[in-house]
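Consider the two complexes below, in which chain A is the common component and chain B and chain C are the respective partners.
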Partner chain A sequence: MLGQIAYALPFLAQGFAVTLWVSLLVVVLSLVAGVMMGVGLVYGPAPLRWAVRIFSDTIRGIPILVLIFFVYYGLPAVGIHLESFWAAVLALTLFKTAQVIEYLRGAVGSIPKGQSEAAMAIGLTFRQRLAYVIFPQAFRRFLPPWINGVTDAVKGSALVSLLGITDLMHAINQVIGRTYEAMPLYILGAVIYFAVNYALSLASRRLERRFSFIRE
Partner chain B sequence: MGYTLNFNLIWRHFDKLWGGLLLSLELAVISIAIGIVIGLLLAVWYVSAGRVVRSIIAAYVEFIRNVPLILLVYLVFYGLPTVVDIAYSAQTSFIATLSLYSGAYLVEVFRSGLEAVPRGQIDAGKAIGLTPWQRLLHVRLPTMLRITLPALSNTFLSLFKDTSVASVISVPELTYGAQWINFNTFRIVEVYLVVTAMYLFTGYALLYALRLVERRFRAAH
Partner chain C sequence: MSVTPPANPALLDVSEVSKSFGSVEVLRSVSLQVTRGEVVTVIGPSGSGKTTLLRCVNFLESYDSGSIRIDGKEVGFRETGTRQRRSERDLAKMRAETGMVFQSFNLFPHLTAAGNIMLGLRKVRGKSNTEARAIAEHWLGRVGLAHKADSLPAELSGGQQQRVGIARAVAMEPKILLLDEITSALDPELVGEVLEVVRSLAEDGMTMLMVTHEMAFARDASSRIVFMADGGVSAVGPPAEMLAAEFDNERLRSFLARFRASHF
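Moving on to the complex of A and B:
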């Protein structure tokens, strides 16, 4: 039994690499999209605010699995052909972007209004206000929940196995299909996912403590 | 090339979606009910227990929270019966998984809720001569429940969405219904539009109802 699993380890490692690659892409892309849309939600004109609000509430209101299937099966029907890998990344990015929007809104919203007003009073432009006054302060509020939320991307990435992408989850199922050693392999998979996510949530907790000296 | 929407086939098979939605709700309700029991017992135990018990409970919570739900679903349905002599339907297996899953999240919710009960209330309970058990039952738990109600409704809503994962072991809930129609009629865009609307409408209707309940029981500060 152990021999079979040891034999499968390189294959599982390849799957794990795909899991990390998907997660990394999703985390980076959603950070960029989410921060831009989050700024739109907080400071934008009314139509933009509504659009972002509707986007975020819709995405957060449906299961990730439905989102993945919708993007994967739905896009070709409207003439957009994406490889399953990129369809999965797109769907997970949409899901994660909605989260980032809410983290950003929460973090920026926690900065007292006086800060913005003071920055305006000394003649800073909108961009300068964001870059020198709001973001440096909001960053401390944004970072811990965001890092903790990266675990959602890693956990969510396991769903891409359903599109036939050989990530860690799919690799495990394939090895089980050949060896019939279901329990040891699922436990091995759980331990790997756990190690990654637990490290992330520890990092988040440490940062939160490190930033906790800041008085409100 | 345009794609013409045609909802006729969706309506013809709508019973699959409607039945699926009801099953999704049922799975979420049963799982959160069991999860609340697990969460309450472990949270109360945690706050009064020694270091060993605390570590065991914390290990359960951290394990569940850091592993993808889909893996837990596979593990309980395909893995567990290979080592333990038990047999269960996909639905029972999923309810067991989702209950353990929600239980882990709720231990955290209830534990922080118990810690948030104002010291003065517990002291007041002592002052009027309540036993520790009475203080728990009549003072700490009711206040804790009021404090945790918003977190509890959020957990329920995310469980409702998580029931979609049951489709991977062919439990005929809403997402499974969508896939069935997708594979049998190829009205892909239509079925996912309808299913998205069903998840959204049900989710936000539940959210609205739960917010009303929360307002009714809001903790007085």
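Moving on to the complex of A and C:
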């Protein structure tokens, strides 16, 4: 039994690499898109605020699985054909972006208005105010929910296996299909997912402590 | 209109400024001039528009009509006659010409005392790190906090925080300093140290427009006192006249009477 699993390890490692690659893409893309849209939601003109609000509320109201199938099977109907890999990345990114928007709104919204005003009063431009006054303070509040979201993204990436992408989950299922060793392989999978996420939580806690000197 | 400017133009010229929040008129055609080196104190009951007026001067608040000029330049709107709001970049430049000290200090909690002062010097005035640090240390020395340069705001008392707030504002070499009830959030025993700093700035000739409830300080330190009521300027004059019991303004007299009753 262990021999069979050992034999399958390189295959599982490839799946694990895909899981990490999907997670990384989703986390980075959603961070960039979410922060930009979140800034639009907090500071933008009314039409932009509405657009972001509708986007966020809609996406967050749809189960992620539905979103994945919608992007992969639904979008071709309107002429958008995506490879399964990119369809999955897009769907997960949309989902995560909506969450990042809300984390950002919460974090930035928690900074007292006087901070922006003091920054304005010394003549900082909008971008400078964000970069040097608002974001450094909001970061500490943004971080914990965001890292939580990152671990969700790693776990949620297992859903891409449903589009036939050979990530860790799919690889495990395939090995089980050949070896019929379900229990040890699922435990192995669980341990790998746990190890990644636990490492992330530890990193998060260190970062939070690093920024805890900021008191109001 | 005359082309040549008047001989002694006002540094700050607020002219018939009105502003409403919804249906509430908070400023009613307010006019007020401050000349270079003057210290003008605005007093009045809460809700009379004092703070709003101050916030309009550096355009933290917009106003509906009238004009506010600093050194002849309209603060918030382009000078095209169309009343178009200035661009974000222009507004930032204009705001750098005025300094503001806030009731709630509003120090940046993630930066040290020196860091608070250096931020504007570096990013707005384009000073190098070394230059900015030297200026910050100079001003921290002026407000008696040379030894606190590397302390975070949370490690300072209220009075110390406010003195850093003043240093942060004046280090930018503003044309005019706006002080918005800067001692109202302080414990009584800390008020004196902050007012002392303001007094020394006044002696240096810093032009100031301040809102305060410290009547004794207003009387001693101001060149003129402006009394606001219901969003308008109700009376203006030298402190000795304005605060005298027989001054010919019923509202001012009753304001001062109520004020004295509640403070002594």
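Just so we're on the same page, the second predicted complex is superposed on the first by the 213 of 216 C-alpha atoms of A that agree within 3 Å, B and C clash if a C-alpha of one lies under 4 Å from a C-alpha of the other, contacts with A are read in each partner's own complex, and residues count from 1 in each chain.
Keep in mind that, in the parts below, contacts are C-beta pairs under 8 Å (C-beta built on N, C-alpha and C of every residue); 3 or more make two chains touch, one makes a residue touch a chain.
Bear in mind the structure is a predicted one, so any value in this text is a computation, not a measurement.
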In the superposed model on chain A, is it clash or fit for chain B and chain C? fit
Just chain B (first), just chain C (second), both, or neither: which does A:Y186 touch? first
For A:F126 in the superposed arrangement: first (chain B), second (chain C), both or neither? second
Examine A:S110 and indicate which partner it touches, taking first as chain B and second as chain C; both and neither are also allowed. neither
Now for A:A118: first (chain B), second (chain C), both, or neither, which partner does it touch? second
After lining up the shared chain so the two structures overlap, which partner does A:S212 touch, if you call chain B first and chain C second: first, second, both or neither? neither
Taking the superposition as given, does A:I62 touch the first partner, chain B, the second, chain C, both, or neither? first
Who contacts more of chain A, chain B or chain C? B
Which value in Å is the smallest Cα separation between chain B and chain C when the structures are fitted on chain A? 26
What is the shared patch of chain A, the residues that chain B and chain C both contact? none
Mind listing the chain A positions that touch chain B in their complex? 58, 61-66, 69-70, 73-74, 77-79, 151, 154-159, 161-162, 169, 172-173, 176, 180, 182-183, 186-187, 189-190, 193-194, 197-198, 201
Chain A partner, complex, touching residues on chain B are 1, 3, 62-63, 65-72, 74-75, 78-80, 82-83, 161-165, 167-168, 175, 178-179, 182, 188-189, 192, 195-196, 199-200, 203-204
Touch list for chain C against partner chain A, complex: 58, 60, 88-89, 92-93, 95-100, 102, 104, 106-110, 119-120, 123-124, 152, 154, 168-169, 172
In the complex formed with chain C, which residues of chain A make contact? 112, 114-115, 117-126, 128, 132-133, 136-137, 213-216
